[in-house]
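Next come two complexes built around chain A: one with chain B, the other with chain C.
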Partner chain A sequence: MGFEVLFKGKNAIRLIAGLGIAMRISIISVAISIFLGIILGMLMSMKKPIINAIARVYLEIVRIMPQLVLLFIVFFGISKMTGLNLSAEASSIIVFSFWGTAEMADLVRGCLLSIPAIQYESSKALGMSRLQTYVYVIIPQIVRRLIPLSINLITRMIKTTSLVMMIGIVEVLKVGQQIIEANRKASPKAAFGIFAVIFLLYFLACWPISCLSRYLEKKWES
Partner chain B sequence: MDPDILRSYIPMFSEAFLLTVRIGWIGILISLALGILCAFILYFRIPAASFLVKCYVELFRNTPLLVQLFFIYYGLPALGIRISAEVCGALGLGLLGGSYMTESIRSGLEAIPYIHTESALSLGMSRSQLFSSVILPQAFYISIPGIIANVIFLLKETSVFSAISLMDLMFRAKDLIGLYYNTTESLFLLVVFYVIMLLPVSVAGSVIEKKVRYRMFGD
Partner chain C sequence: MEEILRIDHLYKRFEDMPVLKDINLTVNKGEVVVLVGPSGCGKSTLLRCINGLEDIQEGRVLLEGEVINPAGKTANKSRLKTGMVFQSYDLFPHKNILDNVILAPMKVQKRNRAEATEEALRMLDRVGLAERRDSYPRQLSGGQKQRVAIVRALMMHPEVLLFDEVTAALDPEMVHEVLNVILDLARQKRTMLIVTHEMAFAKAIADRIIFLDEGSIVEDSAPEKFFEAPETERARRFLSTFRYENVK
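Entry: the complex of A and B
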């Protein structure tokens, strides 16, 4: 079936290290996205017309442009237009943060707007200051809604980072191809084994995170 | 940007555009059919089958399309199962989309409160009447926003088809950049064609969503 290639030399470790590269890119991008997304989401919930107009255009661009197109624009386009030599990894982090920030901002905005106005009014009536209202009333509720959703964003980010092989980063799929090519004569069925293992590796990386997100959502629902 | 180059590239891009759109929509139709089937299996708790559906949904929701396509296109032929790139693209997209559609439709079906079932049964409706005139119409409207989001997501995912050597928009752009180094023009046309492909769907999606919300909640 082609699984024996995995046990030759360091093939299995190389594959996992390849997944590690994809994971590193996604973790850095998620961290940037969550930070910037929260700021942008808060700005958007203030209902200032100019900010909202800009944010809507930005969200619509992210909504309709495939991430791979954005990757191509940054990786090939920017270096051609500005002469700047961005590494493939830097461009992928820029693109995934650009995309993730929009997604995160939309989530934050949705959560903020879902808090009924009566809660702000009640806090005021109870004599709470603005800071107290946010710290004791609004933020605890938002965090509970936001955490499952942002964990979900992490799995989507991990899945999307598989695209980086298309701009030449040697991650798990590329390593898999290299292993298959190197063993073409010795084990011609390696393609099946390697790609099945990569399939499983991605599943094992994302599934626990999805389960955690679903569990937290259920737990905090009531 | 050189207008002559743009003009000479347009026919190549339109050809790739038609291919991308065709395979994309075939994949979406497959995913809808698969999603409806799987959601019904889950809703009616058909033993064995619903366990298989759960495994399928988890497996395909938690892996990237690129990996799925590589597995189908490069992995399966090693076992003697050979499929053409076009079929593989549509099939891969359909399988990925099917798992997302299943979730949207199932949550629509399950969002109907149990009291509707009880009321319908106490009014003397048969099981099939209950399902076709109480549950389905409501579930349809509830699942629409999710289905539209999935359609847009799937159309965007078509961009990875170039990995299995389908001559789609990405493939064209990369090819032309490599051949003539007219990066700006190629990327510009790439963006334009993706906007043509997705903007109408996105706009139509928001309109339909608004109509549905109006029908359901009246605001």
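Entry: the complex of A and C
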């Protein structure tokens, strides 16, 4: 079945290290995206025409451009244009954060606008300050709506890191290809075994996050 | 009689649209004032001005002699003299009934949880909902939610209660249970300003009826007089919309 190549040399460890690189890129990008996305989403919910116009253009660019094209623009384009020598990993973090921030901001904006005005007013009528209203009434409601949505985004970002091998990062998928190439003669069926293992690795990376989301949704429902 | 609320020459505009025009009103302690009038006449806006939720262009609102200024630093404190209950069930959906009721007492008045809980349970019991303390708002009916909202307002010990069409969004069979709670408050001699379309209820509870039309107070009279022999043509026309011609 092609699983035997896994046990040759350091193949298994190399695969896991490859997953580690993919995870490092995702975790850093997700953290940046959540932070910047919340700020941008709050700015967008203020309904200021200039901010909204800029944000709309930004969101459209992110929606229209395939992530791979963005990766090429940043990694090849920017270094050619500016002479700045961005590493492949830095480029991919920039691209993933650029993408994640846009989507996160849109989610935050949607959640903020979905809180009815009466929630602010009734808090005010009870004498709560603006800060108290946000801390005890608004933010807890937003977090509850936001977490399932942002977890969907996070798992999509993790999966999409498989693209970074196109700019030369040796992450899990690239390691897999190298192993298959190297063992073409000895184990011609390696492709099946290796890709099955990669499937399993991605599953193990994303599944606990989905479980957490489901758990939180259940918990807040009751 | 002790005067508790005084409104002097209040004007309120939205953009350039006048909503309230030269409103003058005094309410005494323990008085139940019912505001009626066609929709859009400004009665809800008037309540919101008293609560300091709306800024006003001219005039002033005084509660126990203190000016309510929505933009002022003490706005949150002076607002606590009034307790407002809104038309839509505006409970906090992420908190259970007990936490809904004790949140503001704990955070705004800095009362301790045990003491606030004790009072909350006593009051919830009075409206028949003590056993629902751990339920969430979505598990309650509209009428139950509205009773909780009343308790939540009462927990802040307001001097004046403001009810803004609290039964307008309820099914008919639930209207009764909510209005009974308000009748109970009237028996306790609470000062209340009530906006409602329930004329039978207005007649039963009001010490005074204020009839508003197009942003002005048109009539201010005892309920018997208002319902039996209104002074103005506008009030007669308004009251006739609650009667139906027999066609059988």
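In this text, the second predicted complex is superposed on the first by the 219 of 222 C-alpha atoms of A that agree within 3 Å, B and C clash if a C-alpha of one lies under 4 Å from a C-alpha of the other, contacts with A are read in each partner's own complex, and residues count from 1 in each chain.
Definition applied: a contact is a pair of C-beta atoms (placed from the backbone, for glycine too) under 8 Å apart; a residue touches a chain by one contact, two chains touch by 3 or more.
Here the structure is a predicted model, which means the values were calculated and not measured.
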Overlay on chain A: chain C relative to chain B, clash or fit: fit
First, second, both or neither for A:Gln132, with chain B first and chain C second: second
Contacts of A:Glu121 with chain B and chain C, given as first, second, both or neither: second
Which of chain B and chain C A:Leu84 touches, first, second, both or neither: neither
Partner chain in contact with A:Arg144 - chain B first, chain C second, else both or neither: second
Contact breadth on chain A, by residue count: chain C or chain B: B
Which superposed partner A:Ile50 touches (first chain B, second chain C, both, neither): neither
Chain B and chain C, minimum CA distance [Å, superposed model]: 17
Doubly contacted residues of chain A, that is, touched by chain B and again by chain C: none
Chain C-touching residues of chain A, taken from the complex the two chains share: 116, 118-119, 121-129, 132, 136-137, 140-141, 144, 220, 222
Chain B contact footprint on chain A (complex, rising order): 1-2, 60, 63-69, 72-73, 76-77, 80-81, 155, 159-160, 162-163, 165-166, 173, 176, 180, 188-196, 198-199, 202-203, 206-207, 210
Residues of chain B touching chain A in the complex: 58-59, 61-64, 66-68, 70-71, 74-79, 152, 156-160, 162-163, 170, 173-174, 177, 183-184, 187, 190-191, 194-195, 198-199, 202
In the complex with chain A, residue positions of chain C that touch it: 51, 53, 76-77, 79-80, 82-84, 86, 88, 90, 92-94, 103-104, 107-109, 136, 149, 152-153, 156
